[in-house]
């Protein structure tokens, strides 16, 4: 007997994904990405300088910050700004988003400027970090387009696409793109980040319950690979890149 | 010669106001309020306990927190959670929202529970605090409706409506509901909070440039009074209260 | 029947105000101001540089900090330095003092230097923020005199006087200059800051209990106007300006 | 041509591993673990209570903290206690250690007590987090032995062993147990945590340079599996478990 | 040739000491103590509970906090509340004051209550910590008198008097009660705290310049002993204890 | 009847002292010092720049930081990095270590560079601060030797040796070099820091129980003097300085 997914979703099926560009007006890139009920606002802001450790190198920087509105979740969580610090989870996620995006940037080609990716979760239903990475890439692409249009850059520093998805073992079955109730029920939770050419940028698998075997790991990786290919197609479609 | 407002708006005219209830799914009340390009997400969360200073009193509490997404503004501002503290401006605003909402709550009638109002600015174009108060009231109303529907409350602890608007002297003329470019240009900026019965809850006027005279103050107060009456009508309409 | 004020004070009467210049020896301006039992030490310190956001502008800066000794109040309050942060109330007050003083400074004429106004409450009995503004102006005037005397400035950057007073509705009657027991009992509390020419710099009215009407607001504003005129006369007298 | 490892180490060879039990005298478990020049002191402290979120559940808790002495590294790094906060890297590592150890604990069988694992790096040469996990398990085992000996526990709450190792692609070759110079040179860095029964607890792979392919990932996983089997044998040997 | 002290003060002479009781009105004990130009406000506040580590012991607690107004000194120093933490110097001083006062308290006889001693420097000219200890004892005495008068205590928990003074080697000569310019010039600075019966509570000597010899140490101790005897006489006189 | 010391140690006898140089490999000086069961790792790190307040003076700086591993003690204490701040005790100790070492440095001769002394307690059994000072001097000596060997310095900026020991009155008897159980039992605890020429750098005596008399103080000072002479001989022996 297998786990019944909401909306009769198949084990290897993504939730409906919507990518809305230009969601807010000030940022160089502003994307609302939805993975089912999960909604993350990803903005890309260009700053014409780099952090101290990059100054004078001629190369740029890409960095990310992540936040969750206090009532994005079932029960209200404390506001990090009021608590006076970010949780370990938040820091872990924003470091992951930053590394993932830098993996597809030629920082030297970006020049001495920073792209800040702010990923704020308006509504959470599982998979916020993978939605953030997937949406942030679209926002970054729009920000780069702005730089190209203004003549500040002659060629794109983007070396390809990047997207992410979660996979997990729930009641013995590998499932793609976990929503919250599945995330809670799963034994193994894995976040996979891949490029448009099918290479891995990050693989983070965690046994929440029972430890997992190599065949289970292999099944999850294959599931993720297919899901990410779909997400990258959706990113291109949103950007109208043929 | 007078100041030309964007979209040929009259001096005593509000920007288009939109109130969207149920904007996110988890909160007991969730309202997106828009004053023109200013967009604030106001959620009301019910917690079945009160802060330490209220415990054992039998009475409840209503409190507010305010935040601005880093790229809600023209240039990106630091994320308060990353800086490790809220600015004085943020604290001032959230204290104002909290006082304003408590002014229309019978806390004893609420019982020993807390309503948290989270006001997060998704996009800023002036008037975020007044939009927040106006939207938070609708969210609070929805949260109260949830409590009434579930039988946790027998009668509403709300004693009336509350709404807020900004007014200011720009180039010698009193203007209602300032947008960002007007806010920057104004000599006097005033935020007014009033109840549905036309009484004042808060009046906060500040001379940004030249100090202001009593006649100017009187003109601004009259302008605000009319604007708030319109906002309260819009709140009722959104709630379908005849 | 009306509220009986301590010492048979009339509704429109200030508490005895004492202004002691040169209260401490190191600061360029050092004033102990007393509004009845409220005692605030206001020092003005000149620093020959400006904060980062003013550098290179040629213009100066005036800023304020506010503090309350732990046992300035009826019951001891936590020391903010030990708690590791200033309360929202403290930040609100020091921002108010800073804005009020800047309203009477020509910052360009001050040159690239900062005047720090430190307002520390030694004993509190209501009206500490209004006493602080009133005293800080005298301290600032003394600091400016030092700059003039030393030849660092050729002309005063002060464009006029500024003073502040609280007013409130207590048991239906408008009262001037509330002391602590009145502050606790009042329905509406308003702090008004005005210049020597009778213009408003700040008006901050808050309904603590019942919301207030326009006639009540008008009565409070008139009361404040007369009180501030008296305070400005006392400032001039303390400075021996005819 | 392949990468020349220091000391003519083979690609699939661990550095010399030493496990010294009873390294300090106060802790219930105290282990110095050395992976070559990397030295981490792992102590296990038993506390007879649990954190708030576990109280009243009857179950226990296992948690970890990680630190690095300021001059454990080539150049001195800031002391986190003096900076006033732990870095994101530190938090990420200590969360990983905690999850890894909890994977082999039956928390209900532990009873309402906490085991704190403190992993402090005395000297760093790559692989500090994997050494920490491997050593912390031995320290935890000793702490459990203390609880068994004192009669506080009748049966061990440990469900098995856990150990960890790093693997990485350096100049196209998969290498086991990276030392610092290899870590800096690698394109892909992966930390793998496995149980004594050969199941995965955590897999964390990151492309530092080029993204990695599925065959590379497979090679790294196989390399790690063999290395961890060796480490688990060394743990048992240190504990004299046949 | 010897160091010329200001006001032709002799090497073994205290500065004029003034002790003003009842300096502020709210605290159970409130003393302004002046050692020459050094002025410290010492308040003693009684709280009817003890910190967590003393609860249920039946015994009380005495603790101190120390602060310096930003412009108590020649050049303005940062406000610790604004910086968000107390300096190491501040913490060292307040720990010293607390230990010194506890040395003359029978905490069991105090009962489960806390006496908070707040020592705030209004004006600094050297010797602020020794003035603080000396003044805090008088404030504590007044607070105890309040407890006795109200019947909360039947007998005084004070076991004697305590006072403190600084001594130092300046240009080869031992001097009593250093003022700021002497403190800056001295090679050795020592703070001595003694009881009314001539026993030592604290001796803290520091070589600021050259290390000091045993004979120098002996001379300084003798100088301090005489000075403290004088201070204790002044404390008794202020309290009108024959 | 006198206090029985562990291991039949005489009242004027040091615990076995071991000084291990080169304990870790990265630091310019790295010393493990043991006073009996107390073990402190002291590293000296050279940084080729000075803190802001020394810049441009041509002179160098010597500074210390102190830490205790969470389970260096009988019961685990909170990790300061996790709590987000150093305790007052930690700050007091690291300030003492810094002052003590600067007392034997000619900072001008050091040139514009900083020596950071990190003293981390691996195991605590009383006397950690005095062990830290004694060990830090050896580490500093090694760091200076590195600077001399590399030609960065032509002559040593060290002006002599410095060492420290604790002494205390336990049950009426003066004891040298207190271990933890003695420290807990003592009435007076004194830390003494002296140079190789027998001069005092710091004397810090505290009455933990009864205040102490001048003869007691004298006895403690004499005991410390002899102990420090022994420690300095051990330092020289460790450095093989005849």
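Per-chain numbering from 1; labels A, B, C, D, E and F assigned in written order.
By definition in this document, contacts are C-beta pairs under 8 Å (C-beta built on N, C-alpha and C of every residue); 3 or more make two chains touch, one makes a residue touch a chain.
All figures in this text were calculated on a predicted structure; none of them were measured in a lab.
Common neighbours of chain D and chain E under the contact rule above are F. With centres defined by CA atoms alone, the chain at the far end from chain B is F. Distance from chain C peaks, on a Cα-centroid basis, for D.
Sharing over half of its contact pairs with E-F by residue number, the repeated interface among C-E, A-D or A-B is A-D. Chain centres here are Cα averages; for chain A and chain F they lie 51 Å apart. In whole angstrom, the spacing between the mean C-alpha positions of chain B and chain C is 28. Computed centre separation for the pair chain D/chain F is 33 angstrom, with centres defined by C-alpha atoms. Chain centres here are Cα means. That of chain A falls 59 Å from that of chain E. Residues of chain B in contact with two or more other chains: 84-85. By the touch criterion the chains form one closed ring, and its order from chain E via chain F is E, F, D, A, B, C. Of all residues in chain C, those touching chain E in their complex are 24-27, 30, 37, 39, 41, 43, 45, 47, 65, 67, 69-76, 79-82, 84-86, 90, 116, 118, 120, 122-124. Residues 85, 88-89, 91-92, 94-95, 99, 103, 190, 194-195, 197-207, 210-214, 217, 221, 225 of chain C are the ones that touch chain B when the two sit in their complex.
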